[in-house]
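Below: one structure in structure tokens.
The first chain written gets the first letter, and so on, giving A, B, C, D and E; residue counts start at 1 in each chain.
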Amino acid sequence: MMLVVAALVVWAVAWWINSRLSNGPSGDTRAVRMTVPVLFGLTVLAVWELVVRGLQVPAVILPPPSTIFTTLAGSIPILWEDFVQTFVKGALSGYAIGCGAAFVTAILADRFEFLRQGLLPVGNFMAALPIVGTAPILVMWFGFDWQSKAAVVVVMVFFPVLVNTVSGLRDTGAMQRDLMHTYGATYWQTLVKLRLPAAMPFIFNGLKIATTLALIGAIVAEFFGSPTRGMGFRISTSVGQLALDMVWAEIVVAALAGSLFYGAVALIEKAVTFWHPSQRV
Amino acid sequence: MTRFVPVLSVIVTILALWYAACIPMNVKEVLTQAERDGAVINPEGAQTRRDLSHFGLVFRNLDHLGGSWSQDRARLPAPHQVAAELWQSTWVEETTGRRGIVKSGSLSNRSLVYHGMVTLGATFVGFLIGAGLGVLLAVGIVHSRTMDRSVMPWAIVSQTVPILALAPMIIVVLYSIGLEGLMPKAVISAYLSFFPVVVGMVKGLRSPDAMQLDLLRTYNASGAETFWKLRLPASVPYLFASLKIGIAASLVGAIVGELPVQRGGLGARMLGGSYYGQTEQIWAALFVAAALAATLVWFVGWIERRTARAMGARP
Amino acid sequence: MKTVISAKSLDLTFQTNDGPVHALKGVDLDIHKGDFVSFIGPSGCGKTTFLRCIAGLEHPTGGTLSVNGMTPDEARRARAYGYVFQAAGLYPWRTIGGNIRLPLEIMGFSKAEQTRRVAETLELVELAGFEKKYPWQLSGGMQQRASIARALAFDADILLMDEPFGALDEIVRDRLNEELLALWRRTGKTIAFVTHSIPEAVYLSTRIVVMSPRPGRITDVIDSPLPAERPLDIRDEKVFIDIAHRVREGLRGGYQE
Amino acid sequence: MKTVISAKSLDLTFQTNDGPVHALKGVDLDIHKGDFVSFIGPSGCGKTTFLRCIAGLEHPTGGTLSVNGMTPDEARRARAYGYVFQAAGLYPWRTIGGNIRLPLEIMGFSKAEQTRRVAETLELVELAGFEKKYPWQLSGGMQQRASIARALAFDADILLMDEPFGALDEIVRDRLNEELLALWRRTGKTIAFVTHSIPEAVYLSTRIVVMSPRPGRITDVIDSPLPAERPLDIRDEKVFIDIAHRVREGLRGGYQE
Amino acid sequence: ADDVTLQLKWVTQAQFAGYYVALENGFYEEEDLNVTILPGGPDIAPTQVIAGGGADVTVEWMPAALAAREKGLPLVNIAQPFKSSGMMLTCWKDAGIASPEDLKNRTLGVWFFGNEFPFMSWMSSLGISTDGKSENGVEVLKQGFNVDPLLQRQADCISTMTYNEYWQVIDAGVSPDELVTFKYEDQGVATLEDGLYVLEDKLSDPEFTDKMARFVRASMKGWKWAEENPEDAAMIVLDYDETGAQTEGHQIRMMGEIAKLTAGSNGALDPADYERTVATLLAGGSDPVITAAPEGAWTHAITDAALN
């Protein structure tokens, strides 16, 4: 009980510090912007540790963070192997193929009005498909290794990127298009010089959504069959063995990889759409 | 109406491609079956054909492909097989089935109508929790810098946690505090739907420009008045946009929550189909799920239009 | 005559990433009851900033400023003025009547009183009959009038107007100028009015304040000899053109320095 | 004098949900080489539509229209004119130089020629040194000049300008007006210019076309007796004020009908 | 009535007929019990459910239960309705597999999630490594929930249960003589399957042991009834299946096969079977499932009370 009370105290103190920091005079500096969320994260971990110990939650239900980190540090080779299998082979390749295919389809749909009118409603319907349901089918089609995971990722990222790209390509102002018209520009000139650059913020929106989908898709697909490695395999097998510390270690890796992936795409976005008002603060 | 022709052509094209794809996709099983029935296949023996290309086999055995569109456990069932399964597991099951609504007075647990309702229930509860939580969180984030700074980054990180992979564990943890049945699914569903709502709602609550806020300051309006009279109404379009994403995510969450606990719902149905190799059953459940998602999104859109009209939006 | 707004060596410096911006520097000005004062000057000379200081939306970094003998913040809390922004800025989810009712709701007028005042101000800006319409159903000029009605509804003595007609075409603008003058004559309110248009400033004001930027300060204050009653044709008269010329010279001076 | 643009009983009707809108009805107008023609009229009278017809961006539903003896579409493909829109509309992902280079790239000028022309036109609009800057790093007036430079870069004989200075403040506008006049004198281009401002129209034009709406048509064409050389002060002179008065009367007439 | 929650190892099917029969026929009611049956499913770990307090008693395989015990979750076997193991490896004959020796250098489908222990023990007793295809090793796939990997020849062999997946292969049109099966029973590496497990500390509560005794008695009555009336039992199971995925013919056949596995058990654990299971698991080579013979992992206290 003492520990639970301690958890409440830690929480209150950390919150107080955070409000002082973010509402204080230096609330807008870079340092504070970084410190506050980190402090919040650490607080959550501390409270978790104290509550789990205080209430004596069984380790097979929820292990304390300290155990998780010990396991994490001690299983780097396994985690790395799983990471390569699921993230590098499955998620990344699927992401590249899916986004590429969506992009090409979007250009086609944009070029041919007929295709766009037909494809978009059907595409919206397909996007509503709970893609998890296709995972068993795709594993049956593409086998147990990373190819089927990549296929699930392709299907998952395709529609968000397609829909965003198409609406981005249509987002140019009438005036900007008229301008190209007065120059007697061809379709491809207009596409390359006006519509693609203008669509970039939208495209990146889709690409960012797709990053989280890619990782989730690759992991979930492993539940329907996999080689004896991979993050999804390890999570499922470890739950079966009640090795919850391992499960959480994989989750930490997944969250880390997902956040970094997202961050990387966001960085590229910043570089490519430097001109957009949303990037200029 | 002008869209009718293009949409129809795209659908027809997809169907044609689908039928065509059935042939190479199913060729190995079709040939093995034909061989069992006594036909001579080139090359002989399923084991020798194992690593050969599908197209090669199609062209070498053009005479023996009759079963491509009527296989029992097809890798890719033909469209009409899926359609038949859809019809069978909705109308036929309910009207003539032993447990159908006509004979038993309640929906049959073999019909997609029943399973659709089960999923829908969890979706709604999860969506209400998720959207409610999302809105509350957004209000907190907009009004407290501390919350904005500390919670928002973690809300983003939370979405990189492969929650779908954790569904079974979450269900078990919820068992331990006495929640079972609909609630565990709803919790997963809520987890998936809260994030889009937070993001959209924060955007919406911050959408009033400096001028609109200054106007209220010249009236010396309180924070609560600013919220009710400006921020909230201004956020409505954003709210609905994210509710549409959120409800689709809720449905996915409910389905995922149904996979591990085989107690009905479209997710259970999909897994059941997979478990017994009934691919038509998976496809049928998938289509119902997609139709459900489309309907839910349309429904939110309908409420959006009603609300917009009540709020004087341009028709 | 009673002084309503009084600024003494007012300074306002914004701290920005590129260093400080001196938006206002040593501004001295007294505005009396019933004055119609126009502020004109090149972009960025601090016209808006000055108006916002009066409204208590911005806080001077030096000098003193009083409104009705109070600090601007006290005056804001006492709801001493109505503020009209450049764009009409009506809430699209409220009807015209609802928009005008907004300040009344916030200031806690009774339901009956609200209804009475809404009807009255709609009458005043010639929008009777449009109460139930939504903003998008009105033309730009009508929306602008509604936004003026919104500022008039709670009957503050001071009206602060920041380029209220900037977005309108010349003909509509002429009409609204005429109407604004009539309103001012009828109600005797004190009006501070920001504009970019020289003819507009000359046509409307009893005093024209010419400002210049970097740092924002007052370079000329011109008292208008024009009579209170001003038909639009007055703009073709010599006296009008002379004042306009003087304003233009003042403005150009501000640019050249 | 050579007729560059010639419209004969031009009609344009938009089919909308609320029924047809007669944007232009029976418009007759000849523009000669070297003319500076201003179009003025209340909002919605068809000024933009007429300019767009000339540019081949809109297709008349009746009458004939020829540009340099060709149809507008042929003229567009022959790159016979530069078009300047109301807003600067620079591409934010291109530098000022890159924006001006845009039409040159599309029209297939050589790299060296592109560079030469960009430098030259930047000089012309007094933006030399800003080539590497991005649009948001420039003031509104500078952006507007860059957009004019973009229309000038490929040296078409005809310039179509749709309220190019609408968004600018009076002083900046005055300066740009002066510069535009100087440019026109220097290059002898034919310019069609849409504006809402009476002084601007009078100050710039050799001819002023007054239009009125519903249906959009020409109500008055005024040939300006002002000399080609026009200092800004000319606006205070009697002859200027007289023309302005005539324009204003014409405009008001259009409103009252 | 006393409340009892039972967590099953897998989805509602004839594998658990005894419990459903006892529920449907009121055997539990007769013992003054109010029983809730929670079906399992893929990736639901019954051991985790009981650890979290979500169930009082669970159906689990002994290897998983003993492994959990080593992890610090003290599960105790209170009854063992299944006498023999139904697990086997099913292979294509035309792939050239006739004996366990032929498994080398092949791809094998295996169930994980705590069900891999018997397989791992078997491989290590054969001296075959599971790190990938080689002269002396096999490629292991984590097999999904169905028999597709075998039918589509993505694997040369897959894990099947005598009462379930094997018949799905047959139902897919494959004739039994196209297949070769290796039953774990025949290979001498059989481990005990479906037993009833509870948490050790609860057994010191006499009220709880009494409740369990009544529960086991009613359950065994259910099992015996199911053995004698396989068709009716199958129909009862069908009625409890909320997913509607099970079919009549399949369940009746499964009940028949299950009856063969429960035959010979009165519910009490045979210590010899237990010792054999432990020995098999301990023989797990370099990476054994359990490292030491467990203490107190079973008790006859409940069955003694129930059966007397």
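Of note:
What we mean here is this: contacts are C-beta pairs under 8 Å (C-beta built on N, C-alpha and C of every residue); 3 or more make two chains touch, one makes a residue touch a chain.
Which protein is which chain? UniProt says A, B = ABC transporter permease; C, D = ABC transporter ATP-binding protein.
Quantities reported herein were computed from a predicted structural model and do not represent experimental measurements.
Chains making contact with chain B (ABC transporter permease) as well as with chain E: A.
Between the chains A-B lie more C-beta contact pairs than between any other two chains.
The central chain here, found by comparing per-chain C-alpha centres with the mean of all protein C-alpha atoms, is A.
Computed from the mean C-alpha positions, the centre of chain C lies at a distance of 33 Å from the centre of chain D. Centre-to-centre, using mean CA coordinates, chain D is 85 Å away from chain E. Remark: chain B (ABC transporter permease) and chain D have CA centroids separated by 54 Å (rounded to whole angstrom). Shared interface positions of chain A (ABC transporter permease), i.e. residues touching 2 or more other chains, are given as 61, 136, 140, 223-224, 236, 239.
In chain C, no position touches at least two other chains.
Each of the following residues of chain B (ABC transporter permease) touches two or more other chains: 75, 168-169, 172-173, 176, 259, 271, 274. Under the contact rule stated at the top, the pairs of chains that touch are A-B, A-D, A-E, B-C, B-E, C-D.
Per the touch definition, chain E reaches chain B (ABC transporter permease) in the complex via residues 11-12, 38-45, 48-49, 51-55, 92, 94-95, 144-148, 151-153, 168, 172-173, 175, 241-245.
Across the complex, chain D is touched by residues 42-43, 169-172, 196-198, 236, 241, 244-245, 251-252, 255 of chain C.
Residues of chain B (ABC transporter permease) touching chain A (ABC transporter permease) in their complex: 2-3, 6-11, 14, 25, 75-76, 144-146, 148-154, 156-157, 159-166, 168-169, 172-173, 176, 248, 251-252, 255-256, 259, 266-267, 270-271, 274, 279, 282-283, 285-286, 289-290, 293-294, 297. Touching chain D in their complex are the following residues of chain A (ABC transporter permease): 173, 175-176, 178-185, 189, 193-194, 197-198, 200, 273-277, 280.
Against chain A (ABC transporter permease), the residues of chain E that register as touching in their complex are 42-43, 45, 47-48, 51-52, 64, 67-68, 71-73, 112-116, 130, 139-145, 148-149, 152, 154.
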